[in-house]
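Could you have a look at this structure, given as structure tokens, before my questions?
Note that the chains are named A, B, C, D, E and F in the order they appear, and that numbering of residues resets to 1 at the start of each chain.
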Amino acid sequence: MSTLSEQLQNLGLKKLRPSGREPDQMREVRITRNFTKHAEGSVLVEFGDTKVLCTASVDRGVPRFLRGSGSGWVTAEYGMLPRSTNTRSDREAARGKQGGRTVEIQRLIGRSLRAAMDLKKLGENTITIDCDVLQADGGTRTASITGAFVALQDAINVLKKDKNGAMKGDPIKHQLAAVSVGIYEGHPVLDLDYAEDSKAHTDMNVIMTASGGFVEVQGTAEGEPYTQDELNAMLSLASKGIGELVKIQSAALQE
Amino acid sequence: MSTLSEQLQNLGLKKLRPSGREPDQMREVRITRNFTKHAEGSVLVEFGDTKVLCTASVDRGVPRFLRGSGSGWVTAEYGMLPRSTNTRSDREAARGKQGGRTVEIQRLIGRSLRAAMDLKKLGENTITIDCDVLQADGGTRTASITGAFVALQDAINVLKKDKNGAMKGDPIKHQLAAVSVGIYEGHPVLDLDYAEDSKAHTDMNVIMTASGGFVEVQGTAEGEPYTQDELNAMLSLASKGIGELVKIQSAALQE
Amino acid sequence: MSTLSEQLQNLGLKKLRPSGREPDQMREVRITRNFTKHAEGSVLVEFGDTKVLCTASVDRGVPRFLRGSGSGWVTAEYGMLPRSTNTRSDREAARGKQGGRTVEIQRLIGRSLRAAMDLKKLGENTITIDCDVLQADGGTRTASITGAFVALQDAINVLKKDKNGAMKGDPIKHQLAAVSVGIYEGHPVLDLDYAEDSKAHTDMNVIMTASGGFVEVQGTAEGEPYTQDELNAMLSLASKGIGELVKIQSAALQE
Amino acid sequence: MSTLSEQLQNLGLKKLRPSGREPDQMREVRITRNFTKHAEGSVLVEFGDTKVLCTASVDRGVPRFLRGSGSGWVTAEYGMLPRSTNTRSDREAARGKQGGRTVEIQRLIGRSLRAAMDLKKLGENTITIDCDVLQADGGTRTASITGAFVALQDAINVLKKDKNGAMKGDPIKHQLAAVSVGIYEGHPVLDLDYAEDSKAHTDMNVIMTASGGFVEVQGTAEGEPYTQDELNAMLSLASKGIGELVKIQSAALQE
Amino acid sequence: MSTLSEQLQNLGLKKLRPSGREPDQMREVRITRNFTKHAEGSVLVEFGDTKVLCTASVDRGVPRFLRGSGSGWVTAEYGMLPRSTNTRSDREAARGKQGGRTVEIQRLIGRSLRAAMDLKKLGENTITIDCDVLQADGGTRTASITGAFVALQDAINVLKKDKNGAMKGDPIKHQLAAVSVGIYEGHPVLDLDYAEDSKAHTDMNVIMTASGGFVEVQGTAEGEPYTQDELNAMLSLASKGIGELVKIQSAALQE
Amino acid sequence: MSTLSEQLQNLGLKKLRPSGREPDQMREVRITRNFTKHAEGSVLVEFGDTKVLCTASVDRGVPRFLRGSGSGWVTAEYGMLPRSTNTRSDREAARGKQGGRTVEIQRLIGRSLRAAMDLKKLGENTITIDCDVLQADGGTRTASITGAFVALQDAINVLKKDKNGAMKGDPIKHQLAAVSVGIYEGHPVLDLDYAEDSKAHTDMNVIMTASGGFVEVQGTAEGEPYTQDELNAMLSLASKGIGELVKIQSAALQE
């Protein structure tokens, strides 16, 4: 049975996507560890022209609501440099508050990473993930999560070597990656760039484990509602993309 | 073929849910229109003990980015009264900022309602939806959206009668309702109350049209990742619940 | 001797007030206890179309300046739902600060309730009163205080039953109610609704104890200064109104 | 008939007040015009050790809600220098918000001054009153209003000389002054200083016109409720104090 | 050898400066101690028409980062009364944040004063300097520092007399004063007033010790860059001005 | 005549600086243009391990105070990524305000760049410089200014090619660079890294033009005051460093 992209090629629809990619083709993904020197984990993740610096910082101690519980905490913050986008956007620090989109994204990142962990085994340590977008071209939140996992793993490795780190075994239960899928020009596509994202009828972010479990699915109809069949097609593309991302993460972690 | 709840009964598992409800049973839902007198639409929606006041306010004119476009706008704000919950939470107005959860929810409400509308037909009018939780017992965001749709319809009806309202046909494309589903004690259940929500392994909010299209699906693994089968089971329960909600909305709108 | 309203009737001035009320006639007042389920005290108070939800929340412990003093604390917060008014007003949580009017009112509510109490007998407990206006038609601050007293009494009753509550006798020294009076169209009137309030030359809020003591008098000339005689006439009307409110509170508390 | 202070002397109660003042005796009041050089009106007002700098600044134009109405506006802001008090208090500009007390006071000042004016005659000009407390010893709000009136008059005089000022006659309808009264150690006293204010059972601020009309009465029971007789006694003392303040204002304005 | 001002006079350039001052002539400087009564140090400093109230407030204890270190802390806050300037500026407390210029100045004041002290000898005490500009005519930051030093010395003297003050010797290492210099109309001038400051090509603030050491030099080209020769000429003028200021400080401290 | 570093070598003081650099030796400086793709100018500047991304963004129009003046505007914002430093610092956007140090630095950057320009020739365009520190190791503000100048030049070149850009000739009057100098272990040194900066007795930032004019000199005594001789020695080192930086800028601009 031919793939959707093969069928499209048969029909002569070679330019479905602005980038010329196949519907099920990810952008080139690069993961650079130790991009900066101070953080316990520091990863530059690139999904094509989308570039996000993900750092993981370890602090002893936990927020008040966990003190004495023996459990650790993982939280995330997200930001875009003002000119990471085509038009300069206001600096949130200067405006005095984080926008709704920022808040939504950083909550998603933190929640996903915590779902991949056994916080009890982390001991009373806090790991703060910072995802700062240096250059945006669509998919910053999925790139952030994919890079953040690698930074988190590096930080955990630092903690493992620390005899006073109070870890109680490996707190990472699942390897985690994220990718966007959507309905673009009526067709399901994988890993939308900005040109696609801004025109897609449906935009879905999927966060999965290496073993294929769903950690978060967020699918939003921008124009028309989507059907169960479209949902299934998108999940299937996402699963393919996650498989590739997991391999790239693993390769980076073995360097 | 027997339903899941019948199978459970056969197994003698009568007390799966704290409330004694069947897995596919919604709480009692009540929709009271004209709950307050000033707003163009004012709806008290109750999902069991969850009570939300949804108002729709019409203003002539649109935000700057739409001026002159001929298009209208729908936006939403969400709040919880400080003691709508079991333990009093800080008043956001006194703290000086809305929390991340609030921001996330009000963005969801606004986005969903806009997806149900043809904003061009609304003309340069803005409708602001306020969802204020008087009493919380789980599912405040899905109750909010379900009630907000009715308040929105009432406000549109007011605009329709207004000869200067600049409407260009019926801007409502889809009837919309929302419900939560989840995996509780290993079983998919419909319309989680607080006792379930706080212990569910997976929590999913589903927003659908009366004709069965998906407008938003947000499924979060709180503990373990969920499988494709679990996802499908949850979507199936959601579809059943949305069917019931749509009927209750329609009945209320015909009173 | 004939009352002022009788004298007015004799003069054929039947339509002094927009509502058709007599000058010394209160709106219908309703007090509904246990309006919501979580708070120790939860009261819906209605002065005609003005509807305020007053909750009283008990917390162990006191603010820093009272720690170790053995004394308790009572504080209040006030808010209006954005569309409780004829025109939607900004949500204070979204604007990031409470307006001056809000601050002024919540300080008044807290100060009055504290004046009715012996905080030493409360022990080191804090009671937070939340007054949230669901629908506004004038007199929201006086309705708030009148309802808040009942919610406070209910919360104190909960504390009385709590063996660890650290109470040292009944902390309520005075039953308290509040009413507005004013000079409308040149005549003193009791319990102004919005139609009157927005045109009154003088607006006075009076908070009194059941035994007739003054706790707070705030009389503001909106247009022309008022005389000692007008002041006395207003205080006299207020005294009559407080007498009726105290009875309604007592009846509600005995249900 | 002997005065209250004479009666007290007869009883040998010579040291009722910490300052040694008679119950009906004001502190020494000084009004210095042109205290700083930039403002249209600049007045240092001293009630004993309470020292407030009141400036009145004229701006052409009015806030949006008045544009095109032909009417002017008067507004006030109030602040305390951080070490104007015995213990340093936080600088509100550094904390990022004005406290509730500040908001309450500046609303009182602005409201009172507007009640003394015919804003229509002011034309579309805005006068901003700034009352900044250099040294506090009780009664800062009443000193502020008393000084602000003189600064306002000076600013009006500047506008009168301005041919382009758009004034339409004298906008000042009433001369205005303010004084505090209270129940201290069971006795009504005039013009409370900090030593009295911090221990008074009742604290009342009275704002009156030169012709004896009430503009604002705010009487608060700090401990026990007060009676109608006590209220009358306080108003009587206030009336005496206002009479003296009005003379001092007039004398200062004629210098 | 003739001075620069003598040379200018020889050239007939008598009106170089708007004020008629010589290039190396300071404005009249006055220092009034005990200007207000509550603060441990309270100084009104006047550089001509620039008037700043500097208070020094002593608190036991230090900020968290110094607790247990045995070392004290000195910090400063700066503000301008809204109408201290020719045109009224917004009240920072009402705007909800301090402007950039304010932040820059208060950091400079605090940093300079700390550089003059041995904080170890201060013991775990915090001294907060408040510099509030009552009237501005250029040079408010240099007047602030010059006055703040005197207020600081007064506060230290209070601490010296306090047996429980935990001081460990005299914490003041250097007497400190500050003055502005600049290039005005092509000539170096000392102690710029507003008329000069607003037109100067270069503006330099110099903070020196009584013994001639530099604590801070901040020289900014407003128009054209300045040369090493101009820099040296400005520093020379500053040194002369500091010498005079130090004498005025010392005289004030001996009163 | 031997240089200071030669003299030191003669004395056997080979390890004065932690990095092993000579006293007058800069770190390796790299300037990478077009580091990101969206901004009109985008420069990564590296002073050793200090890495700052400087972007220049062009907007048509100017702030309100310049509208209609025909003049342009240049402004700057500065930020540090939370983990650009050894210990993670709070994200300013999350805290809700920029810290004092940030405000101080971004004002310095903007002021310096404006001093290098003829804003009249820029026409009514605004250029916003963003300096975001990816990795910090001392000297972030001087690296920022040095890199920002190159980004600014690139943005000006974009404007030059734009026929509608309203430029009136080359607005850049001076090439600008910045470097830090200080007194470390008693010796003047050039271009302090963090290890030196944190222990230096004096820290001076010098901003100069390619032709040797001073644009800004800010010299702060951290411990002991510094002498005129030390000031001169530091300025001499700065002049040498600026000469090198200007060459590196020019080389980068010719690539």
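By definition in this document, a contact is a pair of C-beta atoms (placed from the backbone, for glycine too) under 8 Å apart; a residue touches a chain by one contact, two chains touch by 3 or more.
Just so it is clear, the structure is predicted and the values come from calculations on it, not from any experiment.
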Open item on the list: Between chain C and chain F, how many steps is the shortest route if every step has to go to a touching chain?
Closed with: 3
Task: Common touching chains of chain F and chain D - done: E
- [ ] For chain C and chain E, let me know how many angstrom lie between their CA-based centres, rounded off.
- [x] 52
Open item on the list: As a quick test, compute the distance in whole Å between the mean CA positions of chain D and chain E.
Closed with: 34
Open item on the list: Going by the contact rule already set, what residues in chain E reach two or more other chains?
Closed with: 96-97
Task: Successive chains around the closed ring, taking chain A as origin and chain F next - done: A, F, E, D, C, B
Task: Residue numbers on chain F that touch chain A, as the complex places them - done: 36-39, 42, 49, 51, 53, 55, 57, 59, 77, 79, 81-86, 88, 91-94, 96-98, 102, 128, 130, 132, 134-136
Task: In the complex, chain F residues that touch chain E - done: 97, 100-101, 103-104, 106-107, 111, 115, 174, 204, 208-209, 211-228, 231, 235
